[in-house]
Each structure stands twice: as structure tokens, then as C-alpha cells.
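Chains here go by letter, A, B, C, D, E and F, matching the order in which they are written, and residues are numbered from 1 within each.
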Amino acid sequence: GGMGGAPGGQMDPNAQLAAAEQEMEMVTDMFARLGELCYQKCLLQRYSDEELTKAESVCTDRCVAKYFQVNREVSEKLAKYSQANQQ
Amino acid sequence: GGMGGAPGGQMDPNAQLAAAEQEMEMVTDMFARLGELCYQKCLLQRYSDEELTKAESVCTDRCVAKYFQVNREVSEKLAKYSQANQQ
Amino acid sequence: GGMGGAPGGQMDPNAQLAAAEQEMEMVTDMFARLGELCYQKCLLQRYSDEELTKAESVCTDRCVAKYFQVNREVSEKLAKYSQANQQ
Amino acid sequence: MYGGGYGQQSYFDQQMQRMMEQKQLKDFMRMYSNLVSRCFDDCVVDFTSNKLNDKELTCVNRCTLKNMKLNERIGQRFAEENAKLMEDQARMGQ
Amino acid sequence: MYGGGYGQQSYFDQQMQRMMEQKQLKDFMRMYSNLVSRCFDDCVVDFTSNKLNDKELTCVNRCTLKNMKLNERIGQRFAEENAKLMEDQARMGQ
Amino acid sequence: MYGGGYGQQSYFDQQMQRMMEQKQLKDFMRMYSNLVSRCFDDCVVDFTSNKLNDKELTCVNRCTLKNMKLNERIGQRFAEENAKLMEDQARMGQ
């Protein structure tokens, strides 16, 4: 489940462990990229203050929501593209 | 062989495996960097279309060719530099 | 010790090995980031010459010194912040 | 469990837990290194001295706190969105 | 190998294959994450709403396809150049 | 070796040494890849040909040497600052 989506099923424990590791790796990698992107899109890198402004907070929420939408769009488009190219 | 160039020879299987992994890691890392560089150098990040233009395609071919040339130049220069500094 | 600062103590050898690896990873990661930052802050990316100019050398020394100071500031601020948020 | 005993972890669970702990440590270190690089990059602009000046110090401190708050906010939203995603996938029987 | 028979893989080959599979999965994931980040960065510019608007959606779709084609083209050229490089190295007896 | 004795490495030391060697190789490769990317990015600007021109070649050579010197200088300062840091930590009994 989640963003990674490694398939489950009857695997030996070592492969299961490797798959779980892979999936966690994927999620934390996405999280790190998201952090960088929303920092660039939403933070005024001036630091006149130590608090997030209201505008920055709202921007951050939308940034995360839109990132997940982009993730879904890319994933669907990629699946179609791969299918088309295998036939 | 290839871009990595880990030395072969009589190694125990585990070391051989580690060397093969290292070499593959090197090649895919180079590939990822190349992808980023040619995207920045050749793609007009506007997406008025889903096709690579003729100009973008040609630029990409040259980008890859030149990257390999830079790779060779740096590698030779570095070898000379290391030799000079060891004497 | 050093920049990483993984705690020592009575650990089994495998955990000790993993901790040592983690710490080295931290130090080399910091070193790589420092290299990128001081390159951006101090090098005129023009290459009219193959030598570091006097100005670039001095800038580099200060860049490293200031990076370590930032490291210490962030580390202290983060410790206080975590403490405050746990109470 | 017969002969097995309560609270005993299987080899799999032990490995899983060990992996999770190493992952958390690694993630924390990545977050920390990012923070140092970001605040250095955003705040340090004067290379006429080898000591941080007052303006840079203030900037670094605000940068640390503000980015920690940013990370936390992103973390909360990320967890929410990820939970929604897993729900959707479960509903579609995937 | 005595009694060993056809199609049996040595321990080394098994490990090698396992490594290759994990590598491929990892490479695919990296490519995928790069694609998402790139298309987000290039296409999402409006933060007055929490839904992608039509312009952004179109951009993301084109971005995905165009960058897949770019990756494939780079992959082909990379393979060709790498083959040439290995030939050269073999010729020089290295 | 008879009686156990001098010069024998424990399993731990062996593993430690192996790890250090792999780390050094990995670090060298990272440095090398960074150098190639940096000099490509800074020097290659003409895509009307598939061969490096003289200006680009000169630039790449200078870039390689200059960045090697930069890396070495950073390495020296880094080692000094890291030593100071460890001293401070030792003095504070941490």
C-alpha cells in the first residue's frame, strides 16, 4: 500500500524484508523531495521571523495535496505508456 | 569494463559481487546525472507538446556524446594529476 | 566523536559496525554538501586559469569555518526545540 | 504459544525492527544535514570574516526553527494524504 | 559438476541475479520519483487552490510523456556510447 | 597462527577494514562523478556539434584541476575543523 505499492504475496522472509525496505525507501525519498519542493515553492527564504506565516502555511498544505495529485497523474500516465509500448 | 572500470582478477565471490555492485552503481549514477544535465541543457521546460522536437532530439544526442567526452577528459586529467602528486 | 556523534557504549559488534558506518556516512555526506556549497559560494565558474585565486582560497577557508559554526548553531537550536516539544 | 513463550520475537520481526530503527536514524540524519545546508545557503553571504556575524546568527536560528515547523507541517499533511491514498487503493481492491 | 545438472544456478549466480533485480527496481523507482518531482516543479505554479487546474493537468501529462521519451533517447545513446567505450578499452588491452 | 597471537585480526576488525575500503571507493566515485557533472555543466554550452570544441576542452581541463585543488583545500580545512570539534566534545566529557 501507500505511495510505493510493492506487491505482496507469498514471498520468503528475506525477499519480504527487502520489499518492505524498498517501499519505505520510496516513501521517505518522496517525502524528502516534497520537503525540498515545498520549501522552494512556499517559503520566502528571508527569515524575518521564526514562524511560518499564514500564507506560507496555506501554500504548504496545497503544495502537499498537489504533489500527491501529480504523483497519481504521472503513475496513471506511465502505466498507460508502458502498456502501449509493450504491445 | 564500461564507465566504472573496477579491476577484475582472482577475487573471492563476495568481493566480486561487491565490485560488480559498485560498478553498476557507478553506471546508473552517471546515467541519472546525465539525464538531469541533458534535461536542463536541451529541454524547453514549457511542454506545449508531448513530443520531443527535432531540435531537442539532436541536442540530446550531442549532449550524451559530449558527456562521454568530458568523462574521458576528466578521467585522463585526474590520472595525470594523481601520478604527479604521488611522486 | 566528530560531526556525527553516534553514542558509544556496550553494543554487540554488528550494531557497533552499523553505528560506525552510519557515522562515517554522516561525515562524508556533510563533506560532499560542503564541497557543493563552497564551490557555489567561492568559485567563479569561469576557469580562466587552473589555479585557485588568492580570493577563492581565502573564501574557501572561511566557508568551511562558517559551515562548522552553522552546524553547531543548528545542532544546539534543534536540541532545545526537541526538548521544548517533548515536555 | 506452546514452548515459544510470550513476548518472543521471531527472527523476521527482529530484523524488521532493526531495519526500522536504522531507517529512522538515517532519516533524522538526512533531515539534519538538509537543515544545515539550507540555513548555511540561505543565511551565510559574507566571506570577509571567518566568524558568523550577528545578522547571520539570527538568520540561522530563525531558519532552523522555521524549517523545523515547515517539516512538521509537511509531515502531517503527508501522513494524511498517504492514509487517503492507501484507503483508495484498499477500496479498489488493490 | 558431478550430479549437478543443467539449469542449476550457483550461489554466486543467484546472488548476482537477486542483486540485478533489486537494482532494476531501485532504478525504476528513482526514475519515477525524478519524473514526479520534475513535472511538479515545471508545471505546478498556482497555490491559490489545492486542486490541479486544467492547465497544470495538461502540463503534467505532457511532461510525463515528453520526459519518458527523453529518458529513452538518452538510454539508447548511453548504451551506444558505453559499448564504444568498452570496445576501446578492450582494444587497449585494459 | 600458533597460539593465537600477534597480528591476527578479529572478525570485527576485518569487517571494519572491508567497510572502510568500500567506503573509500564509493567516496572516490562520488567525487569523480561530481567532477564530471560539474565540468560538463560549467563548460559545455555549444550543442551545434557532437564534439567538444577547443574552448570547451580547455575549460574542462582547467575545471578538473581547479576543482581538485578546491576539494583538497576543503578536505584540509574540514579535517582541522573536525579535529577541533572532537577535542571540544572530549573536553566537555561527551
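FYI, contacts are C-beta pairs under 8 Å (C-beta built on N, C-alpha and C of every residue); 3 or more make two chains touch, one makes a residue touch a chain.
What you see is a predicted model; the values in this text were computed from it and never measured.
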item	value
Each chain counted as touching subunit C and subunit D at once	none
Other chains in touch with both subunit B and subunit D	none
Chain located farthest away, centre of subunit D as origin (C-alpha)	B
Equivalent interface to C-D, taken from B-F, B-E or A-D so that over half of the residue contact pairs match	B-F
Chain whose mean Cα position lies farthest from subunit A	F
C-alpha-based rotation, subunit A on subunit B, 0 to 180 degrees, nearest 5	120
Between subunit D and subunit F, centroid-to-centroid distance (C-alpha), Å	27
Averaged-CA centre spacing for the pair subunit E and subunit A, given as whole angstrom	18
Numbers and ranges of subunit D residues touching at least 2 other chains	43, 61, 65
Interface hub residues of subunit C, defined as touching at least two other chains	42, 61, 63, 65
Chain-level touch network, classified as line, ring, star, complete or other	ring
Cyclic chain order - from subunit A, heading first toward subunit E	A, E, B, F, C, D
Complex contacts: residues of subunit C adjacent to subunit F	1-3, 5, 13, 16-17, 20-21, 24, 27-28, 31-32, 34-36, 38-39, 42-43, 45, 47-52, 56-57, 60-61, 63-65, 68, 72
Residue ranges of subunit F in contact with subunit C within the complex	11-12, 15-16, 19-20, 23, 27, 30, 34, 38, 42-43, 58-59, 61-63, 65-67, 69-71, 73-75, 77-78, 81-82, 85-86, 89-90, 94
List of subunit B residues in touch with subunit F within their complex	4, 18, 22, 25-26, 29-30, 33, 37, 40-42, 58-59, 61-63, 65-67, 69-71, 73-75, 77-78, 81
Residues of subunit D defined as touching subunit C within the complex	22, 25-26, 29, 32-33, 35-37, 39-41, 43-44, 47-52, 56-57, 60-61, 64-65, 68
